[in-house]
Each structure stands twice: as C-alpha cells, then as structure tokens.
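Which chain is which? They are A, B, C and D, in the order written, and residues in each are numbered from 1.
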C-alpha cells in the first residue's frame, strides 16, 4: 500500500471523477426506467443535471433558527460520499486510496453522513425535520448492521475486509455456487433499497409529508445546499450499486493497474449499472410503499438473511 | 539519580492526598478550593500520566511500604498494565479537575472543601488500586474508592432519590468487594500468603481457578456494572455532580476492568475457553441492554449512564474474546482482541467524561436535566455544543474519531474467529458480531437523539433563552478531552504501539511486528492485505474534498444566502412544542425492543380536555432478581425476630436449654 | 476427730443432708404460697449450714466453719427476714402463679435430676473427697432452681429461685471441694448481699412503676 | 510489690468511694475525669513496666499482668477515660433536660468508677475465683447504671439484665468449682489451685472429663455476659435503656472483659482436652451469633438497640476467631477487640448527642444531623462506616485477617460469615444514612457536645487500619501466643 503507482493514481482519480459525474445520470436512468415501466414519458435522462444547475443558480434561503451546523452539513455530506466512492473499486482494484478505509470503515463513513444529515435536519426545529431525522436514524440502526453482516460474509469468503482485495479474490474464484453470497445478495438489495430512500421503505418522489423520510429531512434546504444534498444522494445510490457490483458481480473489474483492463472495465461498469438501475426501477414499480411501522420488519428480515448468510458460510463453506 | 517511576507515582498519589487534606482547611472558600486546589490536582494528574508513559516501557518496579498489617505490609508494583490504566487515570483526571475548577460553586449539600477532600481521596485511591500488589492494600484502596465516591455521589444529599441511589451504589459495591475478597482467598491457594507474587507463583487446580475467575467476574462486574449487577449505575451516575459522574464512568469502571484483567491474565496463568465465552455472552447482553435502555431515557445523565453500561459491555466482549483466544493459544488474535479492549477503555474514558462534563455545563446553565425541557442550546452555549459534538460523534462510533477505531479493531478480532478450533463457537460468533454491529448502530441513534434534543432545534422552554456558555475553566477541560478524542481517533498506530507493551506482558504477543512493518499512517493489525485503516488520511480526504467543493461552489455560484422563517411545508404556526421529544425518539426503540422493557403507558382519550401522554420504562431485572432477594431476607428477619418476644421466662428457657444441650454433648 | 465416725458414716450423713436439700428444692418447686416458699428457702439455708459445718468438722477444714457461720447469718436469718419484711411492706400476699402447672413442673424436675446424675456421675468418680456422691445432687438442685425461675411469673419467687441456685452452688462447693478458698467465699457472700439489697430496691421501683410485681408486665422490650 | 497495679486498681475504687460522697457537686464530673485520667496514667506506667521487665505478679499472687491482659487494661483505662470526658457534657445536658437529679448523678459517678474498678479487677485478677466475683460485681454496678432513669423501660431492662446475667454468671461459678475440683488433685487444696499462673502450668494434667463439663458451664456463664446468641437477650435492652456513656462502656469494655475471662478458661480447656473441643464450641457460638445478630439488625427501630446488635455480631466474630485459634486468628481476635471497642464507643458517643439533639432514640425521627451539627453527623457516619468493616478503618484489617484465616482453615464457615456481613451492611447503613443526611430534624444543644473522644477514637481506628505500630503488633503476637 505504501508505493503509489502512477497508473493507480490515474485510476483513482478517474474513478472518483467518474462517480461524481455519472451519479446523477444513474438517478436519472432509474427514474426514466420507472416512468417507462409505469407507461409514462419520463423527464429524460439528464433531468438530474438540469435540476442541479437550476439549484446552484438559486439563492439559498435558510431558516432563522439555523446554526452553522446546518450550513456545513451539505459539504460534509458530499465529502463523505466522495470518500465512499473513492474507496469502492469500480474500474480497477489498484487504488492508492483504498487501503485508507476497508469495508467496515466504509459503513462508518456512510453512518457519519447519515448522522450529519439527521443532526442538520433537527437543527431548525421543525416538526417534519425532527420526524424525518428520527425515522432515518431508525432505518439506519436497522440497516447498518445488516449491511455490515453482508460485508462480513464477503470478507469471510475472501479472508479480508479491504474491498479491493475482496474484489480480486472474488473475481478470480472459480464459478461455484455460494449460497451464503446468495442470501447476502438478497439482504444487500433490501438494505440498499432502505438506505437510498426507495420504495417500499421511502418514496423519493413523494410530497405527502407524513410518509416521507429523506425528503422530510432536507425540507429546509434550498439553493446550492439542496443541490449538494441531492447530488450526495445520487452519489450514495451510485456507491451502493458499485458495492453490490463489486461484491456480487466483480467480473470485468481490472486487476491491478493494467490500462487495457481499465479501458474494458468502463463499458462493463456502465452495462452493469444500467441493468442494476433497471432492476431497481422494476422493484419500485412492482412493490408498494409500506407503512413506516412495517419498516422494522422489512429490515429485520434483511438483517436475519445477512446473519443467515454468515451462519451458512461458517457451517457449509469453511 | 533518577527516581523510579513507581515512587514518582506514589508521590503523585501523596500529592492528591495532601490536596484532599488541604481542602478541609477552608471548606467554604470557593476561591481556595476551586481556583487553587483543583488546578493543582489537574497538574498532578498530568504528572501521573507522563510518569505512566515512562513506566509502561520499563520492566516492572516493585516496592514495599512499612504500612498495613505486620505480616502483610503494603506491596506496590507498577507494570505495563497498571501503567496503561494510570495514564488513563492521569489524563482524564487532568481534564475533569480543570473542569471542576470552574464547576465547583457554593450551594446546598456538601461544602466545596469537603467535596475536594472526597474528590482527591477518590483519585488517590484509584491510583493506589492500580499500584496495589497484595490483596490487603488492594482491598483497602478499592473500598476507599467506593466510599469516597459514595460521599461524592450523595454530596447533594437533601434529595431522597440521591440518598437512595448512593445507598444502592455502596451496597452493591460492598457486596462486590466481598466477592473479590473471597476471590483472593481462593487465589492464595492455602498458602496464606496474600501477595500477588505468591498468587502468581501458586498453581491452582482447574476447579479452584474457575471459582476464582467467576468470583472475580462477579466482584469486578458489580463495580463495572455488567448485567445483572448494573442496577446501581443508572441511579448513581446521574445523582453525582457531573465531574464525579465523569470520573466514575470514565475511570472507576475501568479500574474494575483492570482488576478483571489482572486476575485473569496475570494472577491466573491458564485460561479456559468457556470463561471467555461466558464473559462474551454477558458482555453482549450488557451492551445491547445498555444501548436499548439509553435510547429510551428522558434524562440526559441517565441516558449517558446507560450508554456507559453499553460500552462496558463492549469492553467485556473484547475481554471475553481475548480470553477465548488466549485459552486456545492463538496469541496474536488474543493480543488483537486485548488491544481492542484496552483501546476502548481509553476511548470510553475520553468521550464519556467529555459528554458528562458537557451535561454538567448544561445543568448549570439551565438547572435542567430532563431532555424534554432543553433544546437549541447551540446558539446560547456554542463552546459546549461544538465540543460536545465531538464527543457525541466519537461515542457513536463514527470515523475518523476514536470510538470507531476500537470498534473496528473489535470487529476485526471477530472476523478472525473462524480460526477457532471449535466449530460450535464458529456458529456462535457471527451472532455476537451481529449484536455488536447492532449495538454500535443503536449508539449512533442514541447520540443523535442526545445531541439533537439538547443542543439543536428550538428551546423548549423560555428560560433557556438566558442560558450562558461555560466559563473558561470548563472550556479548557472540555477542550482537553475533545482533543483527546480526536487524537486517539486519528493516531491509532502510535497508540497501538503503546498498548503493545501491555499485550506483550499479558498474552506474550504484540501487534508490533505487523504495525511496525506497515506504514505509520496505516493501522493494519494483522497484515496489510487483510485489513487496513488510516483515519488521518480519511480525515484529510474528507476535509480536502469538502473544502474544494466549498470553494468551487463559492467561486462558481456566488448566490446570496437569505434568512427567512422556517418553511416546514408552509405551516405558519410553528412552535417549539412541535419538535420531536425525547419520548418521541424513544418510540421506535420501545416498539422494536418491546420485550426488554417493563412499560406503563398512559394514553389520553380522543376527546380529552387536557390530554397528557405518559410512559414509564422500567427494568425487568429489578423485579425478577432483586425484589425476590429482598423479600427472602425480609422473611428471614421476620422469622429470626420471633426468637425475641420480650419474655424473661422464655429467655431463661433459652439459657437453660443451651446448658442442657451442651451438657448432653459434653459427656 | 474423724476416728469417732467412720468415713462411710460421714459419707452417709452428708448424702442424707444432700438428699434433704434435694427434697427441699422439689418442695420449693411445688410450693404455691409465697411465705412458705420463703420458709423453705430458709430451711434450705439451714441444711446447707449443717452440711458445711459437718464437712468442716469431719475433714478438719477450719475455714468451713466460717462459711457455715456466714451461711447461717446470711441465708438462714438475714435474707428470709428481708424477704418477709418486703412481703409485708409491699403487702403482696398473693399465691404464686406458675406458668406451667405444678405436676408438669415436677415431672420435668425428675427428668432433670436423672440428667444431672448422669452428667455428674463420671465426674464424681474422680472427686477425691468423701462427699463425691453429692455433686450430682448439687447439680440437680441447681437445675431445679433454674427451672423454678423459669416457671414463676412473679418477681419475688423468681428471686427466691435465684437465691436457691446460689445455695446449691454453695453446696456444690462444699461437697465437691471442701469449699472454695476463703477470699472467694467472702467475695461470693458479698455479691449475694449486695445483690439482694439491689433487688429489694428494685421491688419498690417496679412496684411504683407498674403497681404490681408481676413480671409479665415486663415484656415491652422485644426484638 | 508493684505500685502500678495498686494504683490501677485503687484509683477507681477510691474514686467510687469519694464520688459516693461528693458525686452530686458541680465539679463531680471533673473529679470523675481526673480519676479516670489518673487511672489511665497508671495503666500507662503499668504497660511501660511490663514492656520493660516482663510479666508481674503482685498482691500475694492474687493479681498479675502478662502481655495478654496488659493491653486490655490499657484499652479499658483509655476508653473509660474518654467516656468520662464524654459523659461530662452529656450528663450536664441530661440534667438540664430534667431527666436526672443531682442525687442520681452522684449514684452515676460513683457507680461508674466502681464499674471501671470491677472490670480492671477481672482483667488483672490471677485468681479465677476473684475473676468470677469481680464479674458478678460488674453486673451489680451496671444494673444500677442501666436503671438510672427509673423509667419503666429502663427498669424492665435492668431487671432482665440482672436476672439473666445473674443466672448466667451462676453457671460460671459452678464451672469454676469444677475447675477447682480438677485442679485440687494436682495443686492440692488452697487458693493456689485457682491461680491462673499455676493452672496454666499444669493445664495438660487437668482431668479431661471434669474440664469438659466445667468448660460448658464457664462458656454458658461468661458467654451470657459476652452476649453470645442465644444467651444475648439482656444485651439490647440494657444498651438501649441505660444512659449513653454506660452503653458505650458496656459495649466497648464489659463485653471484652467477659470474653477475656472466657478466653482464659479456653486456654485451660485446650490444655486439658486438646484443641478441637473448646474451639468447636466457641466457633459454633460465634458463627450463630454473627448470623442471627445480622438478621436482627434490619428490624431495629431504636438506634442504640441497632448498635447493640452490631456489638453482638462483632463479639460473635471475635469468639469465632478465638475459636479458630492459631497465631493469625488470635491476633485478629485481639485486634478486633481493640478496634471494636474504640469504634463502638465512638459511635455511642455520637449517637448519644444525636439523641439529645432530636430528643428521641427512634431512628425514623432522627434525620439530617449533618445539617445542624456536621461534627456529630460525620462522627456517626464515619463510625458506622468503620464498624461495618469498610477499609481503610481498622475493623477491616481484623476482619480481613479473620476471613482469610477462615477461608484457609474453616472454608465451610466463610459463606455464612460473608453473607452475614453483607446483610449487616445493608441493614445498618440503610438506617444510618438518612439519620446523617437529608433534611434535618435536630436542634441545638444547651452545651457544646464532647466530640474530641469521637474523633480521637475514629482517628485511632483509622490509623490501626493503615499502620499497626511494631510494638503493638509484638504485644498482640505475644498475647496470641499465650492464647495459642
């Protein structure tokens, strides 16, 4: 980890840039797919970019009671998400920055982002803000362990918690059926639905106050702050998709730092993301939003599956 | 000539004792006590810490003082383990004392001078507990610690619940102490020699070793507050003045951990695997129990007290894990788990004392402990708020602060358990890891509740408007501890290298080999390919990106920032009462973990004129365990009392019967 | 002088006195009327005096005469006189009520005697004195006095029981060991004297506080 | 002919006579103090001479001093001195409250000195017959002290005390007679056969069967005075109803003295019968006393009764220790005697003033002493903490030794002991804490309370917990060696 190769640095930076730039596109793609699946003509792939430009252009309106915490949070949020994106190997595994944080630290970073946003939501002291914060944290304390368990399963398989190494070992392994990974995959899907404020747990498109979670938290944001928050949200979605890809479909991610591999990895990534987005849209279309009180059961199931995955691994595969 | 660190440490203890005595000179002069004595005590704490840091790298020093019993004079000894905990004591005590210098003020209850007496006696006894090297001096200092802290807890003794808390605390402490005494009695193995050296030398039969271990677990557990001996903790910690709560929670609980380590790894040579599993299970229960209960508290200090229970649970989990590894002779892993344990001891000491002190400032500024009556203090007391934010994020186990590091190490240790020879254990461990993860995530929830309700939002009471920020002494104290949290968070490698001395002494293995091989920036406990973590780079990364974004946004879009009333979906009549309360924050947890609680709800009727909602959450264990014991004792005393009905003939009958029985026995 | 009487005869006489003593103890145990109780006590003292003097004469222990004299003065004359006066002054002429009825008490007494003989038997084998057999009787008398104290519900009879116990101890001393050393005897006598005076004071105080000497009023302090 | 012994014994005896004449005068209390101080000084001189040139036998061999009783003499003289200092303001306040007349004060002062005399006589006597006589005399003197107030309750207590102890002591006399009988066969008729110095020499030749029965009687007799369960029933009443200085000396000294007599007899019994017999009996009584007393504690409503039961508990503990025997246990027993009498008397001093401040002895009516008079409050609190065996006070030191020895030699007993200690702690502390802390019900006193004795005692106990002076330890060792 100590010697830093140029190719690695380039890969690292391109990957980060790619994540930041592609993230809104992924969001747009998902929304578009959902619109198609619901026989609507969608707003178009690039709508998120337009939205961001519009928001950046506007004045920021901040409530009277807002403290400095409220204003700094969007930047911190965005920073955390960038870090997360920098850690997850998407194109290649030779990432100089990857050793900085392993899977557990990744979960930590995501948790930091969540806590920051929740605190900011409570800062103004509105009914909806605090309500959203509470619900978000509830989902957090149910989803986070599940995510951790999923990552544990993978790291037990690969005898490491560093994502890059995990991806290398997992992608090099011969094609065998890993029931533990299957369970973990299902659990991961459920977790990422919840974490990214997706149906059935939350509805990103809703404006019915009592049902919303993420939207309730960011209700007081406007202008560039809102833009950053939105961007961070789509980065989050991007990161989660990349984690899923890295854990369950690592094929095609360049080993080490070979340029060809990197070049080939990009289209592979795009394809995988496109499929992932489509699936997400499909799930969102097929399932209905559940009452918030059902969310614990939903996530409990995810947690259970993840633990089951671990047990199965410990029992069958070791 | 250079004075040996042991004597230096003893001098520090003596200084604390002297300060304690000086406090009584002018018991009511706040200037003398607070502005002179407490800062002096803080300096002594720093001295102790530096001494300990010197001593930790040195071979053990031992000495004998001509005090104590004629056959058993005071044996004292400083080795890596005690040095580590002494460093903890010294640094934390420095911060707390400085804070207390600003916190102490005249009022009802015990006079400042007397508080100073007990406070420094408390510090000195803790230092001596860590230095003790025979059973007698250990017990003496151990109980002195308990008594002095009891008097501190009840320093505002006019409130009945505080007296009750103190009573419960001292009772549990005393019973625990009896268990510890019995444990030493077992450890000396019939030799009658109660020095720790003799105990190290004596080799016990497995049965007796187990007995000693279990007694130690009970006795020290009673002090540490593990299930089911935790009942005193949520009562005593809130009752005490905040600096004392901080010390008790940060240091005193750790002395119990120290005792546990001392007995298990030093006085007993061989461990048995199920010892560790027992501790592991108890620790897990304690951790989950503690965090779940702290999530539903509505009193800020009780909340912190329960979170202390949680952290002790985590520490005991690490301890159990290391015992298991050590029993299987997997020394590297034992060292890893032990490192996590010790690291967490240190972390908890810092962030928990920081938070307790912050609640102290809030308490002084607002005279209010109930979360339901606080809020929005970040505007009125920015210093306390921002420093407390550090503590809150740290205790929530978020990178790049210190709480996360120990959590990370602990989970790493768990990920190695498949190496264990026992498949049955391999099945259990994932459950444990899951529970740990759950506890960690929940603590995040708790801290958002804690911080958000106290410091953020709008003031829930008008009085809060005139809350004032903490004074300069208090700020220094808080800042010291906050800096500690950050430093421990971003420089783990350096700290692990210090802890290595301890693990080397206890389990004969260090992580040095691997950490030395790795970069000074990267914490890679076993090998870099397996796992690595560099909080410093992470912090730098986050900061850089954040700054870049900020500058970029500033450069490209220099839109103005307008202030306006809160939007809140256009609802105009927004009041502070509409914010989510502490009870509201408790609701999801109460729902998800219903079986944990013994709840009484009082819901308003739909058309209630003055609707009021009340929910009280209690602990089952009190009714399942303690109440029955109390009943049994009560019944026994009733039985015994019937012996004495006041009738002289009956009394004569007793003597007569005794005489006859003895005569029959005699012939 | 012992040659006038054979050792056997001395033994018989002493045993005879001893058994009279035992008989008196039983009589006290059974006695209902207080005045006659006092007389019985005096009689016991008299027998005690006789035995002491006789042992002293038989064994040529001079100091036993002294203790006999003390016994005569203290236990035959003084104490009964004091008690009689007390009874008159306090004009309590009530019959003695017992907590257990008399026949039961007597049965228990028999059992006690058997036990006492059992206990004393191995010991008296070792006693080097002509009076060895009487130790058991002395012990029996002590136990009987104890029993009497237990069963009596009024203050005065209880005290009489106490004094009777003192008597039997004294008898034990003479019988088993030809009497304790002089200094001890004097001390004991002094104690008894002071004791009875204090008791006499007590009677009046108790009387004026509780206007009765029934010790069943003295059951307020318990547990 | 040693003048120290004569002064030690004579001072209080004369004092009793003098105060019987002038005890009602204004300065009587000061005279009382002066006499006690003189006694203490004489005792100090006695100690010095014993240290200098070994055991002393005096007054036609009837009295003697060895390392076992010398420190008890010193302790008795000291505590009776401090108690006299305490009783000066205490009794004056009682007089102001109209609970006592001048005549009663005369009785009190004179009896106090005589009581001290009897105790010293028991300790110093070489002749076991005199030991008995003096013990009985101690009972008689204290009976009058207990009934000093002439209230119904005090009369009842005194009556029970008199009857129970009288009967008990009578058994001891029977035991003494049997002992004499056994000794006669070796030492011949005459008082030599009762001299401990002679008996100790020939104790191995004493007749076992006689000694077995004799020890039973002696145990029941002196055990009654020690307050061993189930012979203890007089003790709480007498402690609760007498004036507080008397409770202090009863609990702090008289019990020690009786136990001392018992221990002397045990030594002889051990010599005759071999170890286990007497030891078993004493351990049994001790254990029963500890456990039963611990359970009684939690039902007490009167503060002086509470501490009376705690005395029973501690006496049981000491008896258990002597029962175990051996150098460490006996050492611990002696140490415990010392610290217990110091601590318990200090507690009674504090309790006495507390009761005067609040005008009651009922625990639930005594509240928040610390607010009205911090010294009394802290005195009571520290004394309680000390008596409960919490370090660093000396009581813990001895309890530590007793428990650790028990763990090694009588493991079966340790759980009971520990459980009893726990129960006792819960009971006593739960009752004392609200008395000291909280809102106050106390009021000021007409005269300043005497607190020097309290804190002197507590300080001594604290010191003994942390540091036992070498020559004191040496004494204890010597005495422990005598006890065996």
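By our rule, a residue touches a chain if its C-beta (ideal position, glycine included) is under 8 Å from a C-beta of that chain, and two chains touch if they have at least 3 such contacts.
Quick caveat, the model's predicted, so the values are computed rather than measured.
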Chain at the geometric heart of the assembly (C-alpha centres): B
Maximum centroid distance from chain D, chain identifier (CA atoms): A
Chain pair showing more contacts of the two, B-C and A-B: A-B
Chain B and chain C, separation of their C-alpha mean positions in angstrom: 71
Averaged-CA centre spacing for the pair chain D and chain A, given as whole angstrom: 79
Geometric centre distance via CA averages, chain C-chain A, whole Å: 103
Computed distance of Cα centres, chain B from chain A, in Å: 35
Multi-partner residues of chain C (each touching 2 or more other chains): 119, 122, 146, 149, 215, 218-221, 223
Per-residue multi-chain contacts in chain D, two or more chains: 159-160, 163, 167, 209, 213, 296, 299
Sites on chain B at which at least two other chains make contact: 641, 644, 648, 652, 659, 663, 666-667
Complete list of chain pairs which touch one another: A-B, B-C, B-D, C-D
Complex contacts: residues of chain B adjacent to chain A: 375-376, 378-379, 389, 393, 396-399, 404, 407-408, 411-412, 415, 418, 423, 426-427, 429-431, 433-434, 437-438, 440-442, 444-445, 447-449, 451-453, 456-458, 518-519, 522, 524, 528-534, 537-538, 541-543, 545-546, 549-550, 553, 556-557, 559-569, 571, 574, 576, 578-580, 584-585, 587-589, 591-592
In the complex with chain D, residue positions of chain B that touch it: 66-71, 135-136, 139-144, 146-147, 154, 157-158, 160, 163, 166-167, 170-171, 174-175, 178, 181-182, 184-186, 188, 190, 192, 194, 633-634, 636-638, 640-641, 643-644, 648, 651-652, 654-655, 658-659, 662-663, 665-667
Complex interface listing, chain C residues touching chain D: 61, 119, 122-123, 126-128, 139, 142, 146, 149, 155, 158, 162, 165-166, 169, 172-173, 176-178, 180-184, 187-188, 190-191, 194-195, 198-199, 202, 205-206, 209-210, 215, 218-221, 223
Chain B to chain C touching residues, read off their complex: 641, 644-649, 652-653, 656, 659-660, 663-664, 666-667
Residue ranges of chain A touching chain B (in the complex, touch as defined): 1-2, 56-65, 67, 69, 71, 75-76, 78-80, 82-83, 86, 97, 99-102, 104-105, 108-109, 111-112, 114-115, 118-119, 122-131, 133-135, 137-138, 140-142, 144-145, 148-149, 152, 155-156, 159-162, 165, 209, 219-220, 222-224, 228, 293, 296, 303, 306-307, 310-311, 314-315, 318
